[in-house]
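The first chain written gets the first letter, and so on, giving A, B, C and D; residue counts start at 1 in each chain.
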Amino acid sequence: MKNIEEVIGKHSDSVRGRLVESVAMITKCEDLIVQHYNENQMKTPMHMSVGDESCVAGVVECFREDSYFFGYYRTHSLYLAVARDPYKFFAELLGKKTGSNGGIAGSMHMSSVADGLLNTSALVASTIPLSLGAALSNRLLKEKSYSVVFFGDGAIEEGVFHETLNMAAFFKLPILFVCLDNGLAVDLKGEARQGFKSIKNLVEGYKCEYVFSDNPTVNEAYGAAVQAKRLLSECGTPVFLHMGYYRYLQHIGIGDDFSETNASTFEKRNYRSLELHKKYLKKHPLEVAVSEMVAAGWEKSDVEKSIDRIADITLKAYSKALGDQFSSYGEAEGKVYFD
Amino acid sequence: MTNLVVMAKPKVKFILTKLKSKEFISYCSAINQAIDEEMALDKSVFVIGGETKMFGSLAGLEEKYGVERVITTPISEDATTGLVLGAALSGLRPIQVHIRVDFLLLAVNQVINMISTATFASDGKVKCPILIRAVVGRGWGQGYHHSKSLHGLFAQIPGLKLIMPTTPNDAKGMIKQAIKSNSPVICLEHRWLYWQEEELLNDFSGIDYGVPGKIQSGGDVTVIASSWMNVEASLAAKILSDKHDISVDLFDIRSTESLNNLTEVYDSIRKTGRCIIGDNDWLSSGLSGEITYHIQKNCLGDLTTSIERVGFKGTPCGTARHLEDEFYPNAFDIVRCVEKMAGVGPCAFEEYKLFSHETKFKGPF
Amino acid sequence: MKNIEEVIGKHSDSVRGRLVESVAMITKCEDLIVQHYNENQMKTPMHMSVGDESCVAGVVECFREDSYFFGYYRTHSLYLAVARDPYKFFAELLGKKTGSNGGIAGSMHMSSVADGLLNTSALVASTIPLSLGAALSNRLLKEKSYSVVFFGDGAIEEGVFHETLNMAAFFKLPILFVCLDNGLAVDLKGEARQGFKSIKNLVEGYKCEYVFSDNPTVNEAYGAAVQAKRLLSECGTPVFLHMGYYRYLQHIGIGDDFSETNASTFEKRNYRSLELHKKYLKKHPLEVAVSEMVAAGWEKSDVEKSIDRIADITLKAYSKALGDQFSSYGEAEGKVYFD
Amino acid sequence: MTNLVVMAKPKVKFILTKLKSKEFISYCSAINQAIDEEMALDKSVFVIGGETKMFGSLAGLEEKYGVERVITTPISEDATTGLVLGAALSGLRPIQVHIRVDFLLLAVNQVINMISTATFASDGKVKCPILIRAVVGRGWGQGYHHSKSLHGLFAQIPGLKLIMPTTPNDAKGMIKQAIKSNSPVICLEHRWLYWQEEELLNDFSGIDYGVPGKIQSGGDVTVIASSWMNVEASLAAKILSDKHDISVDLFDIRSTESLNNLTEVYDSIRKTGRCIIGDNDWLSSGLSGEITYHIQKNCLGDLTTSIERVGFKGTPCGTARHLEDEFYPNAFDIVRCVEKMAGVGPCAFEEYKLFSHETKFKGPF
């Protein structure tokens, strides 16, 4: 029986431990947002990650050391998996000077340059081509090996996705395209937007490898990422990692489509069923991750204790950030140009 | 927070928080009516965009006219804008909608290279009846990807008409006219104006939208404002009147066509000798400079002091609320500017509150 | 033995006759441009159609009556096949008031609104999405049935091509996408730009039919168009008609890459071989079209006589246009807005 | 056609047709040198674009630095511009090239939404060293899809720097500086300037490009010109001097940074009392209005007459030669404008010829 304290501790080298830690941290942070958003301290449009924790945590864990990352407006899980800093995270959501981006970016544009998360964007698909540049940088400067970009299934409808895939394949750049497919763009299903046969079919038109992972546990997601990484280094082509997941909440905000208690922002259009929702309520990524730990031989109470510790760290981070200073416009003004 | 209603000239009311009166109708509903009426009249009018709710301004239209005339597209702004051009050239009258004007930048090749040149290219043979509606976002951390204004950018391009109605009546009248126009029109709608209410006119025929709108009359200083800045200027006018007995002659630059028809503005400046431009956009190389050019050309000798302007700060818009507050110009900035011009000391603002959108919407957007 | 005069005459209803007539008219017009361009009367950047005559004439003949057309900057063959008006054609190239577009458009942007050729563009791929709008117009107003757009193989690299194909397939719009594939973008071969497996592979990712026709004679091109038209009306999907052809001249201007006599504008980069060029010199579309006529039972001298007549018409058109007035800026100024 | 050389202040020569002198180097070669020198110094500098010849300004670089650092892309302006941003954020120094600025409109989402905000968004943590070079086309029927200028458009956007060198020395110095800049720079290069020649400086350090360039000195009228309009203004100055003994103080607005540093221009206007802006772009809501704003703000009492401007006509550019000729402003227009201001009658232009690009290039482009 392994000691979970050891695995989740800062210097742990256990992948499994780090994976569950990432999922727990994302989950606990999102929980806090849901609890506190209506207090109107976090004045930023939240696109919640609830549901994609495993996918993101798994991929990031595999690529953390040797990659540049780019994301989209659904930044929470990516920021937390990469930067692992709930304090800077909440400070950013609260508009504080101490935030990851000094309060300038808010929920939709968080980055962590020091950790390789270079840019995220509130414009669908707009960071996809940035992955090409980082891959080129890797080729010329050799500081890192891979370039990883996350985007939603809706991003495939933007032309720039195709331009990028074509260029990545043509220049043989080892880019991992991670499509986080919740089957929805706002509240439009794929069948209401897609004229292609399947994402697989589309991608396979290019000289690009395709890997699919549907609703993975965090360990499965990690496994898919490992497979993708092998393909990246062996084939000299980009890899498209297609990951299915269930979006628990509405497109934006903390409401869901079914419960009466949560504030609902988006009109309920009946675009999905309560049955499906109930099914997924039983499979929340963190619970699944815990079960996986237990199945792998960890003691349940140890795992839970560690998760509680993370919840505690997270809560403290939120409280601390609440007390921080707002950034000043005067300072922000000086950051438009680097020189 | 009190319900602060800035009274302008009798006809127009800027409602800074919701006013529950029967005869009044919101800017948002005014747009809805305009489109509904024109769609009912003309089967070639249709609506298309990635988001066909548009904050309620398209409410009921899909149910009434069907998905063939209210079309929700994939997330493909560029191709959709090309579609709109192809449709216009082949007899339809498209209304394209963008939930933020920032997204229109993905389609600027179609707008600036293709749409603006289509009629000219055909030697004047082909109509190009396109209306592109785009919302100018603001507040609650929308930030630099969801809150651009960009009217100054589109105002540069010959072949495009640009409108930015401020009042509900203008929204209805100008959009109806734009739908009937055989040339492309870009309509920029400030998100916060959606809550403005006004008693609606019955008849919009005969109104000339190619001149500035007159928001209120006064004799001491001429203010020219665009879009939301008219609301700030109205509040500024009230403060100036209350505190300094200074009266403001306020004009709304509601269309780029107005730039060619500023006679009333010149007359006003001949009277006041002072002019401030309040532009809801970045200042650099934009609409405020253009207005300045025309005024100095026509009123050089009448100006007792140089033309001043207030507008967005020269940075992207940060997301934190306090950054937003400093980024945007407001009524108090206009008051301070007038005070300097008039050589009077700064008044206190305690009694006055700026419009807080948070009484209207809070997160997430 | 048929009477060629009859077939080529204005009211002829013989498709074969009209096909050879179109090819001849395009050829003779292009010949005149080559002869006279260096006299500097046609002050417009010429993207010559030499080589694509059969493809364009074949498709236009099949879709003429019931379609809207869109083209790109290589407008000559399309304009002539659709509008059949060498006089307005030359007047436009000469910048005259009497030109198809009053001298405003020049070689790269010719259109003929009355004949359904609504727009052409000097920007790669930029008219492709316009085809969606005309198709929608057909659905709502029912004035025509099809929407046909011509573009080069390079246009596939622009994202808007993919956005358009996706939307066409999703909305089930009967659009004919005609890709005139000369294997070159300026002087870059496909292999120097394409990260996809093949155009066929790419297109077949979409709910779209694919038809290929390599270096067709004009009758073969017509046949391919007929097949495409059947698919359009039967399948309720767009059709991608992929046509290979050989570009005889340089990307732009009247120079070719091999002869010493023609003025050459573009640097010769040895991107293609003299052998291939020689092979194609023997297969010029008009000569091939004539052979086809003869093989189909026409008298060679009759065919040649008719072609001579077209050459004559064309020359007269050029001469007449030369004498016309330039358009005035004052008039043009009034055409920026329709109202 | 005679070889017409307009002499400006000693250092600068505008060569209206090719001058075959050894010590002189062309604008095109100056650019080439700038990039070559910086690429040699810094391995992180690379060039990328759909067309990597750029009228000779990239000659020899692919051979010297290989296809890894001189990269020809598919026809994908949008993705390529995104690439450039990703490259800059990860340590490289991209130079993106567009053979026409019109094509940059396909990538404006990346430029305006993404690139201009990248450093700001990161709380100032990340450099964004991007140089985007784009050519402004003109002549031989390039028409409305190949001849836009658009500096007024990009000048509106905070977070971007804009340069438009006119002289070979400026081209070299400003491009070297732009490559070394850690903020994004857009460089607009007029196609016709490529043939300008000048004796090249050895040392560009210490030159401040954030102020207007001084093309020639005079005391009767202040002219502020952009890009090619400096050449027209130089010819105008010569004519005015020959014919009316009017001397022109000519400034080159070579960068948007200059707009914040117009002190010398104000001093000039205090002397001359008269000002004309010659802008190589559409006039509406562009650079000319911006310059007007600053001048009236700083020199209102000094102006003896209103500020005038010449620029593109308010239409797309038609392709026929005579349409082009009327679309573009020229030296004669400036002369007429000054004559009116000065109250002198119109002179004859017979002895003078405008630059004819057809001595330089004829079709196809």
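Methods note: a contact is a pair of C-beta atoms (placed from the backbone, for glycine too) under 8 Å apart; a residue touches a chain by one contact, two chains touch by 3 or more.
What you see is a predicted model; the values in this text were computed from it and never measured.
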Pair with more cross-chain C-beta pairs in contact, given B-C and C-D: B-C
Chain of greatest Cα-centre distance to chain B: C
Separation of mean Cα positions, chain D and chain B [Å, integer]: 33
Separation of mean Cα positions, chain D and chain A [Å, integer]: 44
Between chain C and chain D, centroid-to-centroid distance (C-alpha), Å: 37
In chain C, residues with contacts to at least two other chains: 104-105, 109, 121, 123, 157-160, 163, 166-167, 170, 193-195, 327, 332, 336
Residues of chain D touching at least two other chains: 73-74, 76, 78-79, 102, 106, 109, 113, 120-121, 144-145, 158-159, 314-316, 318
Chain C contact footprint on chain B (complex, rising order): 43-44, 46, 68-69, 71, 73-74, 76, 78-92, 94, 109-110, 113-114, 118-129, 158-159, 161, 181-183
List of chain C residues in touch with chain A within their complex: 157-163, 165-171, 193-197, 201-208
Parts of chain C lying in touch with chain D, wherever the complex brings them together: 37, 40, 42-47, 95-96, 103-109, 121-125, 154-155, 157-159, 185-186, 188, 192-195, 252-254, 265, 267, 326-329, 332-333, 336
Contacting residues of chain A [partner chain D, same complex]: 68, 70, 99-102, 104-105, 109, 111, 113-114, 118-119, 121, 123, 126-141, 143-144, 147, 159-160, 163-164, 166-167, 170, 327, 332, 334-339
Interface residues, chain D side, partner chain B - complex: 102, 105-106, 108-109, 112-113, 116-117, 120-121, 144-145, 148, 152-153, 155-159, 256, 259, 282, 284-293, 296-298, 300, 303, 305-309, 314-316, 318
